[in-house]
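The two complexes that follow have subunit A in common; it is paired with subunit B in the first and with subunit C in the second.
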Partner chain A sequence: MLIALLVMSVLALLLGAVLGFSAIKFHVEGNPLVDKIDAILPQTQCGQCSFPGCKPYATAIAAGEAEINRCPPGGEEGIQKLAELLGRDFVPFGEDTAAQKPKSVAVIDENTCIGCTLCIQACPVDAISGAAKQMHTIIEIECTGCELCVPPCPVDCITMAPLPQTIQNWKWQSPVHILAVSK
Partner chain B sequence: MTSYLLILISTVFVNNIVMVKILGLCPFMGVSKKLEAAISMGAATTFVLTLASGSSYLIEHFLLAPLHLEYMRTLSFIVVIAGIVQFTEMVIQKTSPVLHQVLGIYLPLITTNCAVLGIPLLNVQEKHNFIESLFFGMGGAIGFTLVLVLFAGIRERLEGADVPGIFKGSAIAMITAGLMSLSFMGFAGLVK
Partner chain C sequence: MRPLSIFNGGIHPDEHKLESSVKPSALAPLPKQLILPLQQHLGAKAKPVVQAGDKVLKGQLIAQAEGMMSAAIHAPTSGKILSIGLHPVIHPSGLPESCIILQPDGEERWIEHTAVDFRSLPRAELLNKLRDGGIVGLGGATFPTHAKFNIKQDVQTLVLNGAECEPWITTDDRLMREHASGIVQGIEILRYMAGPVETLIGIEDNKPQAIAALQQACAGTGIEVIVVPTLYPSGGEKQLIKILTGKEVPSGSYPYTIGVACSNVATAYAAHRLINHGEPMISRMITVTGNVKSPQNFEVLLGTPIEELIQFAGGTLPDSNGYIVGGPMMGLEVSNAQLPVVKGTNCIIVKSSTLFPAAPSAQPCIRCTRCAEVCPAELQPQELYWFAKAKNLGKAQTYHLFDCIECGACSYVCPSNIPLVQYYRFAKSEIRANEKDKEASNLARERHEFHLLRIEREKREKAEKLAQKEKAAREAKTAAGGTDASAIDALREQVRETARPDSELTKE
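Moving on to the complex of A and B:
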């Protein structure tokens, strides 16, 4: 009886020591889930999800503080990928976030632009080229369509122009939403 | 050499742990909805079962038998298997993130499922030596993987089939599992 107690205690202590030691020695840094969610988000850093960037939104999703339907640039495809990664149900865009808009780029009306550089400071991806009292212009390939430059302009010269569909960028519409409704 | 081959054939087909011995049904029903999950689960179970068979043989023959503590078998097996699998998961997570991606998340799930405890206990009952225990564990897990993959394939087909309302989901899966078990009984008598 006593031997049994002794053997079990020694076994338990030994295993506990091994596990404790290896928990410290083989500790893996970082939360891999947040990185995986961040890899799905479009990295627009536009803030339309009400978080200051894609990584904070990913952290909030991982902590369960945010719904997965808050990212318009990711579109419904992004929500579907997040739902698959996290094992949650697909949620369509709600009332509090803007729905998915067609991909667009900003356009500066050069007749109205006064060269104040307020839009250059607002752009998170550095897609506006210009300097103080010089003409500003949008570099089209860099623009992600996040619309952060539209409010700061004092003369309201920035508009969003939808990207035309050409043979090069046409894709089949993802039937994600239709599947979700029919289930 | 033939005895090892015999052990393999008997554990994979004749005495399949899921279909004939009816062990390990929780992961069998739970992880067989998608084919990729089933394959990863089978790989993780193979790893765990081989490790568990080996370590429990060592515990039985170098700790329990000499000290006449055979009644502690279940307790000590579970403790040792759980500890070793946890340790291995930590090592895999650190050394190979790719491998951890494939089978890491399933390791805690199968640490103490009834098949992982049952196979070492059966090893003791059948009085296998060390190598035979390893083969028994590995063969059992290969049989588990085989059945899991087959069932996942059937279940993916069932999703699109015209199943009556009350039978949809788990009910038709259970019935299918029963029919599969019936078919595996055809292997009885394969090894004379």
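Moving on to the complex of A and C:
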């Protein structure tokens, strides 16, 4: 009886010590969940989720303050991935969410641009090049298509152009789709 | 006799080689127009160096290689550049690509060209010559040859691929029969670049004349002609290396990592034409077969439209319904006959419903694993199929989806007629697109974070500047209450210096 008690208590102490040690040794800085969610989000930084960027939205999801269906650029695939990561159910886009659009880039009509720099200040990824009273232009490969530069323009010279399909970005379709179409 | 180690599986589809291989090859006549896509090779598009309206000579450079992974393009005949613009090309998407359109003048005037003694050139210079001569792998993948032979150390084995395992295609067969000595001279160039201990040519045993011709041409050169059993897909690079050397190319890696370089016999011949005759890559041998009047091999100028090529073979027979570019196993079905042939085009098959009956509709997978039995890459096609269908892309990758060579052996034996390869192609392109998106979003994240950092820094700097000004103003005020007049003047001066644009402070 006494031996059994002794063995159990020694074991408990030992395991407790191991747990305590690993809690200090393997301590994780920051919230890894936020980074994981942020990695799924498309990084357009468009603010359509009502948060000022992807990271703040990721933080809100991690804290349980936001639904996972607030990111139109991520698409339903993005919701699926978030649901999988968080162990939640898939939620379809709400009625109030902005409609999904094809991937686009902003285009500045360089003849109309007056060089006011307002779009440069609005761009979240510094993808607009130009200076005060100089013509501005979009660096196409850096543009995420967030549309944040469109409303500030006083002369409405910025339009969104959908990316054309080329041989370089063309994708094979799943045979399932082909069957469905031919039926 | 060298022991051969046959790869896993493989199939024996009907060969259909005799239709086109019995006749000697012919020179295709000059077409009305040549359409030359800028992307005829793996890697970056070539950059045009001519303009619409320019007169060019046969063999003149019209588009130069962009960077290391690219190859030059030359005018296949003399004539006038009509335009440079979009034209449909041979691609599963059917989308147009930038092409140079050339109007032949019928004179066939060559640009000045000379042979070079490759043994007098350092390896690097020879590689540049191959790139500027537009030499790419003619087995189908169109991998730029100079990039393939840009290897740090010499290889153990140089493998020449003359297997030509795909049904209907007989270009390499005819080339080996008719130009054996040219091929061997081309192999000497590749040997000079790769410095192999042994050089092996693998040819399937269904090409006895080609084997005899090469054996005769190779006598005394130390090049070994090895007869391999007819088994599809023995002409796959990794499969042929396995058969001849017994070595396996590791997953996701290239043959040079195991000391092997592999090249097609037609590539060796193209290198011979370039180095020993000064003729860049402007034409190639193409089999025209299937539902045509007289199937035959042709030496065709690049850029010739499929339609004209079929006319050279006597035109189509009734009941034709479309074309296959390449072989029936790995080729691409197209319906547009205006597409131009390119460096990677080895065969045009005219389809008919009797020769190629429509595939019956797909049935559910019964997990019979016959696909796994025939898979030459030793994959589990049935598992890959499930993962691709369920879009479980990560899992497909862990099952080595990218080791799939898309040979089609699995679809060929599938009793449920499932278009397996299409699923793999879909999964592969989906994964590649996801990776591209990931890269773009990582870049956007980085730039956004820097953007935030920059704004933060600007704010802080502004605040610091303001604080400094205020401090200076306060000090000036207290100093003004004292007696030392010169100190006051100095401080006033200082305030004026730092706060000139700010009218409030200067007034004090």
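Operating definition for what follows: the second predicted complex is superposed on the first by the 145 of 183 C-alpha atoms of A that agree within 3 Å, B and C clash if a C-alpha of one lies under 4 Å from a C-alpha of the other, contacts with A are read in each partner's own complex, and residues count from 1 in each chain.
The rule is short, and it goes like this: a contact is a pair of C-beta atoms (placed from the backbone, for glycine too) under 8 Å apart; a residue touches a chain by one contact, two chains touch by 3 or more.
Since the model is a prediction, treat every value here as computed from it, not as a measurement.
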For A:Val7 in the superposed arrangement: first (subunit B), second (subunit C), both or neither? first
Per the contact definition in the header, classify A:Pro124: touching subunit B only (first), subunit C only (second), both, or neither. second
Return first, second, both or neither, reflecting whether A:Ile167 touches subunit B, subunit C, both chains, or no partner chain. second
Return the chain, subunit B or subunit C, that is in touch with more residues of subunit A. C
Tell me the contact category for A:Asn69 with respect to subunit B and subunit C: first, second, both or neither. neither
Subunit B versus subunit C as contact partner of A:Asp38, first or second or both or neither: second
Touching partner for A:Gln48 - first (subunit B), second (subunit C), both, neither: neither
Which of the residues in subunit B come into contact with subunit A in the complex? 63, 67, 69, 71-72, 75-76, 79-80, 83, 86-87, 90-91, 93-94, 97
In the complex of these two chains, what residues of subunit A are touching subunit C? 38, 41-45, 53-54, 123-127, 142, 144, 165-167, 169-176, 178-179
The residues of subunit A that touch subunit B in their complex are 3-4, 7-8, 11-12, 15, 18-19, 22-23, 26-28, 32
Write out the stretch or stretches of subunit C touching subunit A in their complex. 39, 89, 91-93, 95, 97, 361-362, 388-389, 391, 419, 422-423, 425-426, 428-430, 433, 437, 440-445, 447-448, 450-451, 454
